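The following pair of complexes shares a single chain, chain A, combined with chain B in the former and chain C in the latter.
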Partner chain A sequence: MGGAGMATAEERPVQAGIRDRAELLAKLMIVPAIAYIVAMIGFPFLMAIFYSVSDATTGDPTLRIIGFQNYAAILSDPVFRLALKNTFFFAFVSQALVIVFSRILAASLMQEFRGKWLARFLVMLPWTAPIALGTIGWLWILDSIFSPIDWILRNAGLLGTPGALLGPETNMYWLGRSGLAMASVIFVHVWRLLPLATVIQLAGLSSIPRDLLESAEIDGAAGWRRAVEITIPLTLPIIGIAFLFGLIFTFTDMAVVYVLTRGGPVHSTQVLSTWTFFKGIQGGDLAQGAAISLFLFPVLAGVATLMLRLARRTEVV
Partner chain B sequence: MAQVEVRGISKHFGEVRAVDHVDIATAEGEFLVLLGPSGCGKTTLLRMIAGIETPTSGDILIGGQVVNNLPPRARKIAMVFQSYALYPHMTVFRNIAFPLKAQGFPREEIPTKVEWAASTFGIEKLLHRKPRELSGGERQRVALARAVVREPSVFLLDEPLSNLDAKLRTSARDELQQFQRRIGTTTIYVTHDQVEAMGLGDRIVVMKGGKVRQIGTPQEVYNEPSDTFVAGFLGSPPMNLLEREDYIAGFRPEKFLPVSVYDTGEPLVKLWLVVHRVEHLGADRLLYGIMRDTFPNEKVIVNIPSTVDLKIKTGEAQEFAVKEKDIKFFDRSTGLRIEPRRFWGTR
Partner chain C sequence: MGGIRKIAARGGLYTVVTIFAFFGAFPFYWMVIATFKTDHDLFSPLNNPFLFNEPATLDHLKLLLFETHFLTYLWNTFLVGAAVVVITLAMAVPAAYSLARWAGSWGEALGIGIFLTYLVPPTILFIPLSRFASQMGLQESLWSLILIYPTFTIPFCTWLLMGFFKTVPKDIEEQAMVDGLSRLGAMVRVVLPLSISGLLTIVVFAFTLTMHEFIYALTFISVSVKKTVSIGVPTELVRGDVFQWGPLMAGALIASIPVAVVYTFFLDRFIAGFTMGAIK
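On to the complex of A and B.
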């Protein structure tokens, strides 16, 4: 009975199916990912290149190839040049701040203390809010007339009285003066990117073997020396990844600037992403918009390559 | 050089008592081994002495001074971790120099000192390399050199040989002991390997479940175990333990030999053994058998050196014997050592 069943199982040889052919299976499994990349990234990218050498607009269905005229036009545009400068300033300053603050936050969150979960939760909170809503909140906080920050400053006697530290005017006009507007935009962007950078740095710090830190402690390195000689050098690749990731994020993001200042006042916070939008979408000049948006491509490609290299280096310890 | 003493020390992690009221004192320059299975609290105890774990209660004294509230760097200790904990981004030179730099040693004297430590362990040629370019044995030497360079008064070693292959381990053990004898620094060494413990220690502290089971010289803990745990943990194969109505009798496998081997007039206890398997281990033969007639459920291991030329037949009952003085007795309920009594062998 049982023996007969076993006999039939032995007689029927197991056929090698698709599951046993790793080579073919691997190719099959990767097809959806490649299809996605081609359709959603590759195709639009080629379209952008195509548009940038054409005279495409939103109003006209016909389209001619005009070569590099669009590039020449945007390069001679002073607003573009200002936006390019602003983009780099905005990206590097905000990322430098993000790295420093996220490092401090991560180091604090590595410690054991009462209410640590609450601290972690609060640090992560800006990341969970929709960016547009969060930024609108900041728009109100930085309002030219009703800003609660100004209210506090006025009540603290720092603003609005003759001889006050921040001037006799009743308001700071956070988003209305060029220097302050850039500072505000950077501040809100830092607020928004800090959670992600903190999590990345936290991962970096917790990847350092405990033995190493304890050994350093026994060797006599505490506090600053331990940070400078052990933890920072060991997490440098991860700090690098957080920095480059934030850089790409900042180069390509328009939400904060768009919601807070629309690039104003007088283009003083204009960055390439907002300028692309105003030119290409709102202005209807698809061709110039495409040319502006492609302008950062070499920079971003370089940053991305660097990031992948760093990612490989982090595996070596 | 300093004595290390722990008094009534405990460490609780929530409900778990990792170390439970332990008292130990080293002698000056002693090589003390903490031995026990994993989870027995030996590493936690070492970490408390190092200062990287805070005791729940009890005192730690180094050189007669209570160091409970001193940070690790102020305890004049050096620790070698199981993983060696070399700084991967620094060269061997910088690794060894690190404790000196961190403790504000005069900068111009550092190279001489590093070279001295490196030459002690024969790694002068590796000073410019990074840890990842070194073999396991070389890393271990770098870790030791880094520990030695600051001339600590106590060495704490946490299973420093366990990442080496078997052959290297034997030579490293030898070197380690010679080195310790030469510099004479008090050393506390954690291991779960009883061979290492027996070979290295001036004294062995056998631990289990956070408690000390026995402290003694290697000979003492091996020959006169204080309870059945120590008897079973030390020795490979372990001591044979035979349960009787009111006690447990134990004897070492190498002390239980065929009757024909004995020629002295010493009192023997004879037992009939049926050998069912023989293992040839090169230097020794291990016989696995049962006492068919007397205690059919009890398995016994016999260790006969290969130099004793004897034919052992499997499947047949043969008479074996152990000297009466080599039988140790333990309480059945507590497992603790008790007075010798009459052991009923073959009737």
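On to the complex of A and C.
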């Protein structure tokens, strides 16, 4: 950071004549990217804000400002409030689980063993394969009739007979009952984001100085104590970064919920992103759709700020 | 005693890794099974779903390849991906170079600013962008995707490339300029060839991110023959309420595995850029 400024000072005598041209070039080369970002991210973002205080619909997209009526309308809508609650609930619960599991997995992958490349490939699949397609796989696994999980439960005598632990019905209907549907969505989010968190945690673990671990070993600190006293505190900022990235991904994801449940049954798995889609695009109410989507923004801004701080802290380590 | 403890630790390690590998790969394993099972076997609730109770079949694959638009989806995805890669390279390479080399102290701040725009999610942008697309007559056109996908590839790839360019020693460039190349010439003829692995990373990411994208494609494209694979498979292989599970799973599998293989090779670099250089 500071180094860049110093370097230009050093260069000055070498190329006194072309220094001006370098600055001009620097500006010319960055203009296309900045222009694109302003036009395709900055401007649409402002438009989203305008839409949210207008009465625009897909049938009549002219912008007439009507103030905060849309916000008042969506806040009094029970479906919106449910979607808001679900968005937070799904994101926090899934990421809490992801952090715990990714820690265990990363600690295992730190060690050398045969077939590690294959294990790594398989473990990373949920992140490296397109999410909508992976989720389609889960849709079939959680099928209301042909779910292999139900088949196992039935054959274990836990389901489908009178007096069975999970009830006399032949199927669990994973995506058809509100509680189970929520659990399924969270489960698939955990599945999807575990690889990302694992790689981040792996990088964190391998950044710990080896002699620190060795001296702890000589002191006779047991595995779990070493984790609690040394590795976890040292990698806490990186664990934080893994958690925040996971939050952003689950918070803004639409593919998982859309493919699995479309927000059902009866809106019980509705989240802000799907509700924005159903209201704003399928329902044609651009104004309310935009207002719903903007509820994501304060959280994202907060997360981004926190992340920058954590990134700075890890640089010091 | 020590030997036994060591074996136990080894066993524990393999158990943990196997459980996680199974957890990660199970849906894909399940796709393989469904791809080759006859419908009758697939839809008999009493059959053991983990075994082939009847001989395997290629019917689902044939149906997928010859009676659906699956190959068209793959082709569309490829076209969009290639165009997005070109646009991303054309914008991100000069921007990243400029920020890494010539911009001085404001370069870092601007770089972080560009990275943060990556965090503005499609869920906020897709309503205004859908209006743009229809005003420009790009609704139902792959051009809408080509125009819009760089919103997530440019910020991220610029950030990633900045890191790569910073690792090329300045002396090399200066030597090239002493040898008579201009500033720009030094960048194009000396620094870019040295950054090939970085550029390749960008190509892979721009392409895979395009392949993964779901929301914009779902919003802008509803005509079947214009769909990309990540929306074509989940929306078109369902006729009414009837899921054609065999072809559906085959399509998901075929589209997932190649991209996953390529992505895995570049994963570490992706994460390093992703976490904003916090991890080195």
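One rule holds for everything that comes next: the second predicted complex is superposed on the first by the 283 of 317 C-alpha atoms of A that agree within 3 Å, B and C clash if a C-alpha of one lies under 4 Å from a C-alpha of the other, contacts with A are read in each partner's own complex, and residues count from 1 in each chain.
Definition applied: a contact is a pair of C-beta atoms (placed from the backbone, for glycine too) under 8 Å apart; a residue touches a chain by one contact, two chains touch by 3 or more.
On a predicted model such as this, the values are computed, not experimentally measured, just so you know.
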{"item": "Which superposed partner A:29 touches (first chain B, second chain C, both, neither)", "value": "second"}
{"item": "First, second, both or neither for A:304, with chain B first and chain C second", "value": "second"}
{"item": "Chain A residues touched by each partner, larger count belonging to chain B or chain C", "value": "C"}
{"item": "Which superposed partner A:233 touches (first chain B, second chain C, both, neither)", "value": "first"}
{"item": "Touched partner set for A:40, first chain B, second chain C, both or neither", "value": "second"}
{"item": "Chain A partner contacts - residues on chain C that touch it in the complex", "value": "10, 13-14, 16-18, 20-28, 30-31, 34, 42-43, 45, 48-50, 90-92, 94-95, 97-99, 101-105, 107-108, 110, 112, 114, 116-117, 119-132, 147-148, 150-151, 154-155, 158, 170, 174, 177, 182-184, 208, 211-212, 214-215, 218-219, 229-231, 233-234, 243, 245, 248-249, 251-252, 255-257, 259-261, 263-264, 267-268, 271-272, 274-280"}
{"item": "Touching residues (chain side chain A, partner chain C) in the complex", "value": "1-2, 4-5, 7-8, 11, 14-15, 18, 21-23, 25-30, 32-34, 36-37, 40-45, 47-48, 51, 61, 101, 104-105, 108-109, 111, 113, 118-138, 140-141, 145-146, 148, 151, 170, 191, 194-196, 199-200, 203-204, 207, 237-238, 241, 245, 248, 251-252, 254-255, 258-259, 272-273, 276-277, 280-281, 286, 289-290, 293-294, 296-297, 300, 303-304, 307-308, 310-311, 314-315"}
{"item": "Touching residues (chain side chain A, partner chain B) in the complex", "value": "209, 211-212, 214-222, 225, 229-230, 233-234, 316-317"}
{"item": "Residue ranges of chain B in contact with chain A within the complex", "value": "50-52, 71-73, 77-79, 81-83, 85, 87-89, 98-99, 102-103, 132, 146, 150"}
